[in-house]
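First chain written, first letter: the chains are A, B, C and D, and each begins at residue 1.
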Amino acid sequence: MNQNPIPDNKVIITVAQTGAITNKKLNPNVPEQPGEIAESALDCYNEGAAICHIHARDPQGENTSDIDIFNEIHGRIKEACPIIIQDSTGGGPNLTQEERIHCLQAGPEMASLNMGTLMRVSGPYKGIAWSNMPDEIDYYVDEMNKGGIKPEMEIYNHAMLQDVRRLIKDGRIKKPYCINIVLGMRYQGAEPATAETLTSIVRQLPESSIFNCTNVGSAQTRMGTLGMILGGGVRVGLEDNIYYRKGELVSSNAQLVARIVRIARELGKEPATPDEAREYLGLSPQNR
Amino acid sequence: MNQNPIPDNKVIITVAQTGAITNKKLNPNVPEQPGEIAESALDCYNEGAAICHIHARDPQGENTSDIDIFNEIHGRIKEACPIIIQDSTGGGPNLTQEERIHCLQAGPEMASLNMGTLMRVSGPYKGIAWSNMPDEIDYYVDEMNKGGIKPEMEIYNHAMLQDVRRLIKDGRIKKPYCINIVLGMRYQGAEPATAETLTSIVRQLPESSIFNCTNVGSAQTRMGTLGMILGGGVRVGLEDNIYYRKGELVSSNAQLVARIVRIARELGKEPATPDEAREYLGLSPQNR
Amino acid sequence: MNQNPIPDNKVIITVAQTGAITNKKLNPNVPEQPGEIAESALDCYNEGAAICHIHARDPQGENTSDIDIFNEIHGRIKEACPIIIQDSTGGGPNLTQEERIHCLQAGPEMASLNMGTLMRVSGPYKGIAWSNMPDEIDYYVDEMNKGGIKPEMEIYNHAMLQDVRRLIKDGRIKKPYCINIVLGMRYQGAEPATAETLTSIVRQLPESSIFNCTNVGSAQTRMGTLGMILGGGVRVGLEDNIYYRKGELVSSNAQLVARIVRIARELGKEPATPDEAREYLGLSPQNR
Amino acid sequence: MNQNPIPDNKVIITVAQTGAITNKKLNPNVPEQPGEIAESALDCYNEGAAICHIHARDPQGENTSDIDIFNEIHGRIKEACPIIIQDSTGGGPNLTQEERIHCLQAGPEMASLNMGTLMRVSGPYKGIAWSNMPDEIDYYVDEMNKGGIKPEMEIYNHAMLQDVRRLIKDGRIKKPYCINIVLGMRYQGAEPATAETLTSIVRQLPESSIFNCTNVGSAQTRMGTLGMILGGGVRVGLEDNIYYRKGELVSSNAQLVARIVRIARELGKEPATPDEAREYLGLSPQNR
């Protein structure tokens, strides 16, 4: 389907430990504070994760854009292990567009870049857009480029490939293009975490793309495994899935990393180290 | 791909004559006033169109929800020919949610039902959602059901199949499910009018679907022809495409109907008459 | 893609222990004699296999159609464990068409039915067809029907679906239709064991099909896992793959069953017991 | 799907006038003798055909490899018009492998190269392979290369892409790779002329391929049109289809060319002239 610069016997594992929605009430093992996040990142690194996707919380557990907290998270993780730090710019419903990219000042190696707008269908923000319009995307990617930060483009449906193609055409992003296919979100505009959807999107990826694969909820393991077989990376973690299996809460992010790594090894794939992933993804050494 | 209740040697042609965006400034042959709309509908019927998709304008050419104008359009068309009347509930950016379904009171046989939210990326409404949230969809479809009006579900991307599946699961729509695949719109969230997109969506249609195929701009003829080959209907008209070919404005809606009918006949398909289409689509005789 | 009568949390594992080509020279752990075959079948059953695919060898290790040997294999397996016995009618290049179905007299619950002709491209039979013409297929399936033996239709490419459709149309096979997608064979006419091929064939399977998935060589584990994710069964075994991983010979058929079962369990699927598989596949109790 | 060196507003039309199976008994308008073939080629050229696919018959109407007859056909066509001459090396059941390439001595610009073996399922040669084994393919392509003759690779199913890939890997063929997708043949091993099959094969074509699209029987027009929309050329002619529509025999090859050209023009595509086609396909001037 898509040609792949990553060796056939390697897979890049990303862990999304915290998220903007999950919290200790839903699963007490969600790491929220800098110390918890760094400690969990070390465990995940030890199990085989190469990239750590970061959301920050204030001491009350609310989503925050406080640069001091991001700096503290980055510092503690860097002390603990050489995992790649990827900050989320998806933010949370309580953060402004401007606040969502404060984190770039903390100098992550990567940052997520949401490639389109979804509509919230439940909760207090029901009917409110999670806005990521073309102008906003351009502004975010320009800021990332200034800081030598590699964007991982999050696409939640086929249509978001349109803005990916636009960024390529405009020369705003560099090869390899990192695209994370995120399926199974509960928003209007999201697509389901099915094999039909995943294979169809993979088939439409632009040349020179490296893809990652995130599946929310119980499909995380099967669809992540499918993504791996198709040559992509896999993202796991409590941000996307709080149950290890039906009726059993995840005990730690490392537990989810360990499972996908066991599957990878059965399939003849070794988890890429952070340094291998840096090379495959073409990360700038600037923020290391 | 999708099993089809329509005979292999028939094709349902819909004409979308007016739209909410195109106007006489863009192409002087856009029919706007009731008399123009009815006269053009007769010409399109004579060329082979079975369904006429209706947008109403006030005497100044602005989008309107005025029920008197809808009544006048319906009356004049019914006097002229037996074409099926399908009112748009897509409205225009100046109409409220409530205004968009005023037209149902005029008792059309069909009405369009937009199955998701798109974001405007240009013009005075840039950044503003064209909102069709699940609650709104439910409200619209319930109103159509009360009036015995068959919804044609407009989907602009793969993701909108989610709300189609939801309506089926909730029992809110009846077989056959009429789905119009609309590609090539200039909104964030829309998908391009390509063979890859069209075949991929057709493959994912629910069982017992009848599909129609609308492609905005220069792809109208090729992608409409592809849709016909895949067993679907085709929508043409000035709403979607103001050029007959590069640099040449469409001279009338009937000119576009005539072209797609010529192609259909070369491919061994005769345009369905309105009565044949009524039978295939399972329209209620109530609003005839 | 294809609707599936098998529960989402179950997977049918078949083991193909011996084959017609592999032998003790290629891997000393290939079971050839009745006692070896039965002992290995028990181990595979204990690891989770529900079906055992059988090829018979004479005391010199040559492919044989000797009914006494088939009877002995069946008898010893039945003594050892309740695994489903599926005899191969693919035979070997030294067997006639008639000899290839001698085994049916031994009364297996299932038998393989090869759905088309492939051309040998190497070895002493290079250029010679492995013939499975429509008349031969019909003759074989009629014999199976007489004995209450369920055919598993082996398809090696997209084109063989044509004869599957013909058997369905002619009423020669009963629902559910058991189809084994066999990829990666070294014949002219075979298709490669790739995700693109497997997903494309699965998409074209007739309604009411149950599919199994066999991948020859090093793709066995990844493509088998893909098949499982798509809702199919998986066949593993020394017939199809003599290396456990690059440079390491398989130590036993049970080793391969154990690996695919570990993956299945990580993916939330328990191997179906023989009795569960009998129910899903609709096997006749006649030959149990 | 596949990147295409042919301009979007052009389409290469091939006419297959005679074939090895159709004859004057099936349709009296099949041109068999050199004069008939040349006269019909001129008419097809005038309607828009760029390539003429040639089978030769002896004075009794039997398939022949007689080089004098090929020379006469070539000479007469060249006198009549500048259409590209493409000789068939598919031969007929009465011709040996060696005889099938006699025609190359007549120095055509192109020749067909059959990429795999199919099994005859009816007629006097029922059960006999139409053999095109890898060794034979290699021999044929080497002979074509010696003569500066461009092979058009005929593939009848997905599996034949394997030998295409092999020729590319072995460096035996030059870019652009000309591939003719031939569907709907009545052989075991052939695939049906459906949109699902055609789009699936197009998706799997190697980079730098130019494809042509041949559909046997009543699907010729619809599937040829689909091929054109996907960016391919179209082959029509009495070799593949003797009915213009149900119950009405084709009156001339030119009638079929004229129909596909009318469709092409409705779709905004002009038939490529022979010289344009020579350029797109990279034909050597040697045999012009």
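In this section, a residue touches a chain if its C-beta (ideal position, glycine included) is under 8 Å from a C-beta of that chain, and two chains touch if they have at least 3 such contacts.
Note that the structure is a prediction, hence the values are computed from the model and not measured.
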Identify the chains in contact with chain A as well as chain C, in label order. none
If you average the Cα atoms per chain, which one ends up farthest from chain B? C
Separation of the C-alpha centres, chain A versus chain D, in whole Å, is 50
Geometric centre distance via CA averages, chain D-chain B, whole Å: 41
Set of chain C residues in contact with two or more other chains: 196, 203
Please give all chain pairs that are in touch with each other. A-B, A-C, B-D, C-D
In the complex, go through chain A and note every residue touching chain B. 116-117, 119, 121, 127, 129, 131, 133-135, 156-159, 162-163, 188-192, 196-197, 200, 203-204
Chain C partner, complex, touching residues on chain A are 1, 195-196, 199, 218, 221-223, 225-226, 229-230, 245-246, 259, 262-263, 266-268
